[in-house]
Amino acid sequence: MPRVLVLNPNSNPAVTEGIDSALDGLRHDLGVTLDVAGLTGTPFGIESQRDVDAVAGPIARHVHDHEGAYDAFVIACFSDPGLHGAREATRKPVLGIASSGLLTALALGEAVGVVSIGSGSLPRHHRLYRAMGVAPRIRADLPVGASVGDLAGGSDGPDGMQNAMEGVGRRLVAEHGCDVLVLGCAGMTRYRAPLEAALGVPVVDPAQAATGMAITAAVLDLSS
Amino acid sequence: MPRVLVLNPNSNPAVTEGIDSALDGLRHDLGVTLDVAGLTGTPFGIESQRDVDAVAGPIARHVHDHEGAYDAFVIACFSDPGLHGAREATRKPVLGIASSGLLTALALGEAVGVVSIGSGSLPRHHRLYRAMGVAPRIRADLPVGASVGDLAGGSDGPDGMQNAMEGVGRRLVAEHGCDVLVLGCAGMTRYRAPLEAALGVPVVDPAQAATGMAITAAVLDLSS
Amino acid sequence: MPRVLVLNPNSNPAVTEGIDSALDGLRHDLGVTLDVAGLTGTPFGIESQRDVDAVAGPIARHVHDHEGAYDAFVIACFSDPGLHGAREATRKPVLGIASSGLLTALALGEAVGVVSIGSGSLPRHHRLYRAMGVAPRIRADLPVGASVGDLAGGSDGPDGMQNAMEGVGRRLVAEHGCDVLVLGCAGMTRYRAPLEAALGVPVVDPAQAATGMAITAAVLDLSS
Amino acid sequence: MPRVLVLNPNSNPAVTEGIDSALDGLRHDLGVTLDVAGLTGTPFGIESQRDVDAVAGPIARHVHDHEGAYDAFVIACFSDPGLHGAREATRKPVLGIASSGLLTALALGEAVGVVSIGSGSLPRHHRLYRAMGVAPRIRADLPVGASVGDLAGGSDGPDGMQNAMEGVGRRLVAEHGCDVLVLGCAGMTRYRAPLEAALGVPVVDPAQAATGMAITAAVLDLSS
Amino acid sequence: MPRVLVLNPNSNPAVTEGIDSALDGLRHDLGVTLDVAGLTGTPFGIESQRDVDAVAGPIARHVHDHEGAYDAFVIACFSDPGLHGAREATRKPVLGIASSGLLTALALGEAVGVVSIGSGSLPRHHRLYRAMGVAPRIRADLPVGASVGDLAGGSDGPDGMQNAMEGVGRRLVAEHGCDVLVLGCAGMTRYRAPLEAALGVPVVDPAQAATGMAITAAVLDLSS
Amino acid sequence: MPRVLVLNPNSNPAVTEGIDSALDGLRHDLGVTLDVAGLTGTPFGIESQRDVDAVAGPIARHVHDHEGAYDAFVIACFSDPGLHGAREATRKPVLGIASSGLLTALALGEAVGVVSIGSGSLPRHHRLYRAMGVAPRIRADLPVGASVGDLAGGSDGPDGMQNAMEGVGRRLVAEHGCDVLVLGCAGMTRYRAPLEAALGVPVVDPAQAATGMAITAAVLDLSS
C-alpha cells in the first residue's frame, strides 16, 4: 500500500487541515495512506520569494528525515519551494504541486488558465512556467487580488472570495479562451467544485493532482 | 471505486495482454478496476499515420459505447490516435499514453529521452511534441530500429531486443544528457524495469503512467 | 502541363463548387489543370475532430486511387485532415490548405491573424499552429461565431456574414496588430476580396494559396 | 499573364544566368514571364553582412524603378537582403528566396536541413531562422566549406562540389534526421536534382520556390 | 581609460546632442571618454526599413575609420542598424542600443515593455525580438503614436509627449503586467526619469544601457 | 562614485580572493568602489541545489544589512542563488552572475557556449536558461568534469585544469558552432584570458560581466 506524505511548508494549521480534507477522495477511493504535515518555524503564508527560499531547507530536511516512512512526497505550495533540493535528499519521488497541477491540466485541456491569489506571485509563476518549458500552453495567469489569509474568508467572507474567484475564472474562459483551469495555491480546494460547476470547464486543484501523481509514481516505483 | 478502460487500438491480442499485465501493480495496490480491451478489424500494429487515422473512429465509438461502464479511458498507443475525437464522445476523462507518459516524465526529471521502435514514427512523434508545447524538454528521441512484432522477441529473441533498447538508452543518457526516459510504445513494458536497472535513471512506461493519470482524474472527477 | 487535384473532403457540393470558382484565376492565368472533387459519404461540414478523423481514410484512398492522373494534391479543409496519411499514399506532393495558407501568409507579412468560423475549431487550430512550429507568428485566431452552413448565407444572408467577418478582421488588425490575414475555412473565398478592400491588408484564401504551392511543387517535381 | 522579376543582387553574370536557367521549368510549364536581372556596382558575391547591407538600397531602388513592369519581385540571395526595404518601395509582392525556400520546405517535410556554402553565413542564417519564428523546424544548417566562386567549379571542378554537397546532405539526413533539404544559396541549382536523386529526400532550390510563391501571389493579387 | 564612440546614425544634430547629454552621468561617474558623433548624408530620422538599410554602410565605414581611436562602439538607433556589418569592420566590441537595452531590462525585471514612437516600427521590432531569441520575455511593445520629430516637442510641446508616454507606460504596467520598461528610441532620454517616477518601475534608456555595456566590454577587452 | 558589493555566497576565502582579483581591471579603469565579501557558515563550495537553497537566506540578509553602504549588489555564484529574494530585500539593483554573464554574451555573439565544472550542475543550468527565456540562444553547456576544489589546481595542477577547459572550449566552438563562451562558475577567472587566446572567440567571465552591469545600473540609478 503506497504511503504518501504531503508537506505543507507553511506553519498555518488551517491550510494543513484544508489540504488534508482535499485528499479525502483519493484516500477513500484508492485505499492509500496520505499523511499531511505542516512545518513549524516557517512563514505563516508563503507569499514572497524570501518565504519560498526560507522553507526550501526545512522541506529537504523533513523529506530526508521521513524518507523511510513514505513511498513518495508532495510539496504543497504553488511555488514548488525546495523541490529540486528535496529530490537530492531522497531517491523516492518528490512532486511539487505547481508543476504537477500544470502538467495534469495539460493532459486534460488545450489552453490552461491559472487563478492566482495576488499579483505579487505572478513573476515567480512565469519564471516557473518558462523553466518548465510549457509557457506557450499557459494562456493566462490572473490574480484574485487577495492574500493567503483571505482564502479562509476575508472581510467579505467565503462568499466574497467565491465571487472573486468566479470573476477571474470567467475572464480566463471568456477573454483568454482557457478550457482548463488550475488553482494557483494550496489553500483553494474548497472553491474547486463550485468554480467548475459555475464555469463548465475542469478546474484542477494542484495538491490533489500532485498527490495523484505521487501515488502513481509510488506504485510504479518511479524516482524523481 | 474508479473503473478505467484501457483501450489497445490495434488488433494484436498479445499487446493487449502485455498491457493488462503491465497494470497489475496499479490494480493491486490501488484496488481499482482496470479493464484492458483490444479492437478488432484494426491494424495488427500501428506503424504508420494511415494506421493512426484508421483507428481514430473505432476508438471514439468504443469510448462512446462504453461510457456508462467506466469513469475514465486510456488510449494505449504512443501516437495518441483519436484522442481528441474520443474526448468529443464522452464527458469522462480520456488520456493518451504518449502525452501522459511525457507529462509524467516532465514531472520527474529535467531532460526527457524517448526510446522509439523505428525511425518511421519519429516525424509523427516530433509533431506531437511540438503540438503539446513541450518540445524544448524532449532532448532526444532515438529509434531501436525494430518493428512492433520484434517487441515480443524477433529473430534474436527478447534478449536481442533488450540489448538494443539498452544501447539506445545508454546513448540517450550519455550523449544527450537525458535523466528520465519514456518508452515510445505500448508494448515495451517488459523492458522497463531491466532498462531502469541498467541505466540508473527512471524509465516511464507510458501505459502505466497514463493509467495512473486516468485513475486520478476519475477519482477527482476531472473531465478532459 | 501540371495537373492538380483539389479535394474537398466534405460532401457538400456547394463548397466544392465554391472552391472550384476560387481557382479560376490560377487556372486561367497559369493554364494548368485544376480539378476539384468532393467526397461522398463524408460529413456535410467538417466541424469537429471526429469529422476530421472520419475523412482521413477516404482522403488517403482517394489520393491513392487517383495518383496516376495528377501531379499534386490539395486537401481543402482548414484542419488539414489526413494530410500525413495521404502523403504515405503517394510520392506526389500533397498540400494541406491550413499549413499552406499560413506559410503563405508568413511569406507576406509579419503578424498573422486567422478568421475562423466558430470557437469550436480553435483548440484544433492551436494544436496545428504549435505542431507546425510557427505559433509565435500567429498573433490571433478569432471566430466569427457562425457555422459552415452560414457561409453560404445564413438567416441574415451573405451581407450579415460579410459584416461579421469584417468585424473580426478589424479586431485582428486594430487590437492584435495583424498585418496579414488567413481565412480559416475552405468556404470563405467569396469574402476574401471585400475583406482585403475593407481592411487594407492582404487576405489569404487558403485553398488558393495551397493550390499555388501545389502547382509549384508539381512543376518542380518536389515530393512531400 | 503574371510577370515576375527575379533580381540577383550580386554583380556576377554567371549567377544571374544560372538563376535564369533554373526557372525554365516554371517559365515553360506555366507560361509566365520570368525575367532575371543582375545588379551592377554590387559585390561579385554576397558573403558577408556588409555585402548584404550594401545591396539593400540598390535592391529597393531597382524594385521601385521597375514596379510598373512586373506583378511580383523575387530577391535571389539566401540572406534575403533588402527584403523589408523593398516591400516599402512597392505594393506588389516581394519574396525573398531564403524565407520562401524555408517555408516551402516546411510545407513538404518535417525536419528541414540547409546546405550552406561556408560557415561564415551560419550566424546570419540562424538570426533569420529565429526572426522568421521557424527555428524549431530547422534541424541543422551545415556548410559545404566552399566559396560562392567554387559553386561554378573550383579547383576540383563541379564534381568536387557535387561530392562535397552530397557529403553534407548525407549528414543532414543520417545524423540529423532531416527529411527535406534547402539549398542555402541562389547559385546551387545545378546540384539540386543530383542531390535529390542521391539522397532520396526532396531538395528545394530556394530561387525556384520563391518564384513559385511570387507567381501565386501575383495571380492572386496578394501584396507583401 | 576606456574610450567609447557612440554613433547616432541619423543626421539630426539635436538627437546627437540629446544622446550626449544622456551620457553625462556615466561620463562623470566613471571618468571615461564617451564621444558622441552623428553622421551626415543620412536620413534626418530613421523611421523606415529603408532608412535602416541606408545607414548600415556609413555606420560600418565610420566604425572602421575610427577603430584606432576607440575601445568600443555603440550604434545609437533602436533598430540596431548595421550592427552585424560594423562587427565585421572591427575587432573592437560594437553594441546596438536595442539589443543592449533589452538585455539590460532582462537583467532587471521579469516582464519587459517597450515604449515605441510609432506603429510603423513594430514589425521591425518584433523581428528583432525574435532574432534575439528573447521574444517570450517582451510582454508588449506599444507605440506612442508620434514621429521622431515630436520627441523634441511637437505641436503640443514636450508636455504633450510626456503625457502620451505616461499613458503608454501605464498601459504596459497595468494591462500587460510589465515590471521594467525600455524606451524604444535613442531620443527619449529626457522622458526616462519622469516616466520612472510616475510609474514606479525601472525605465531603461537604451543608449545609456548600451554605453554601459560598451564600457564594460572595453575594460574587459571583450570583442563582439 | 558608485560602490558595488560583490558577494561570494560560499565560505571559501580563496574564491573570494579570486573574484577580488578578477575585478581589478574594472576597479582601476573606472575608479569605482568594488568590495568583495564572502559569507561564513555557508557551504565551502556550492555544488548542489541544496547548497543553492542554503545560501539564499544569508544572501538576502547580507544585502539587506549592507543596503546603505552600496549602490548595487552582485551575487557571485553561477546558479544565481537567492537572486529574487535579495531583490525583495532592497530597492538597489541586484545582479546575478549567471544571468548577467549570459546576457552579456548574447550582446556579443550569436551562439553561446557554457563551460561548466561538473555535470551535476547541468539540469540546474538548463532550468535557468529556460526560466530566463533565452534557451534557444545557448547552443551547448559542457562540463569539464571537475569539482570546485579542482579550479585552484587539482591533482594535476592548474595546467591540467587549463587543458581540460581548452578541450571543452574547443568542442563548444568546433562541434557546436559557439562564437562566444561563458565561464560557468565564479572561480574560473584565471582561465579566461588563456582560453580566449587559445580559441579565438570572446570568453565572458560572469563575475566581471555582472559587476559591469551592476556599475551601469548603479550609475543610471536603475533598480531591479
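For reference, chains read A, B, C, D, E and F in written order, and residue numbers begin at 1 within each chain.
Convention: a contact is a pair of C-beta atoms (placed from the backbone, for glycine too) under 8 Å apart; a residue touches a chain by one contact, two chains touch by 3 or more.
Treat the numbers as computed from the prediction; the structure is a model and nothing was measured.
Taken together, chain B and chain F share the touching chains A, D.
Of the two chain pairs considered here, A-E and A-F, the higher C-beta contact count falls to A-F.
A separation of 51 Å divides the Cα centre of chain B from that of chain E.
Mean C-alpha positions place chain B and chain D at a centre distance of 42 Å.
Across the assembly, chain E contributes 109, 123, 127, 130, 132-133, 136 as residues in contact with two or more other chains. Inter-chain contacts occur between A-B, A-C, A-E, A-F, B-C, B-D, B-F, C-D, C-E, D-E, D-F, E-F.
Within the complex formed with chain D, the residues of chain B that make contact are 119, 122-123, 126-127, 130, 135. Across the interface of their complex, chain D is touched by residues 110-111, 136, 177, 179 of chain F. Listed in rising order, the residues of chain D touching chain E in the complex are 48-50, 52-54, 56-57, 60, 82, 84-85, 87-89, 123-124, 127-128, 130-133.
Across the complex, chain E is touched by residues 1-2, 25-26, 29-32, 93, 95, 99-100, 103-104, 106-109, 132-134, 136-137, 202, 204-205, 208-209, 212-213, 215-217, 219-220, 222-224 of chain F.
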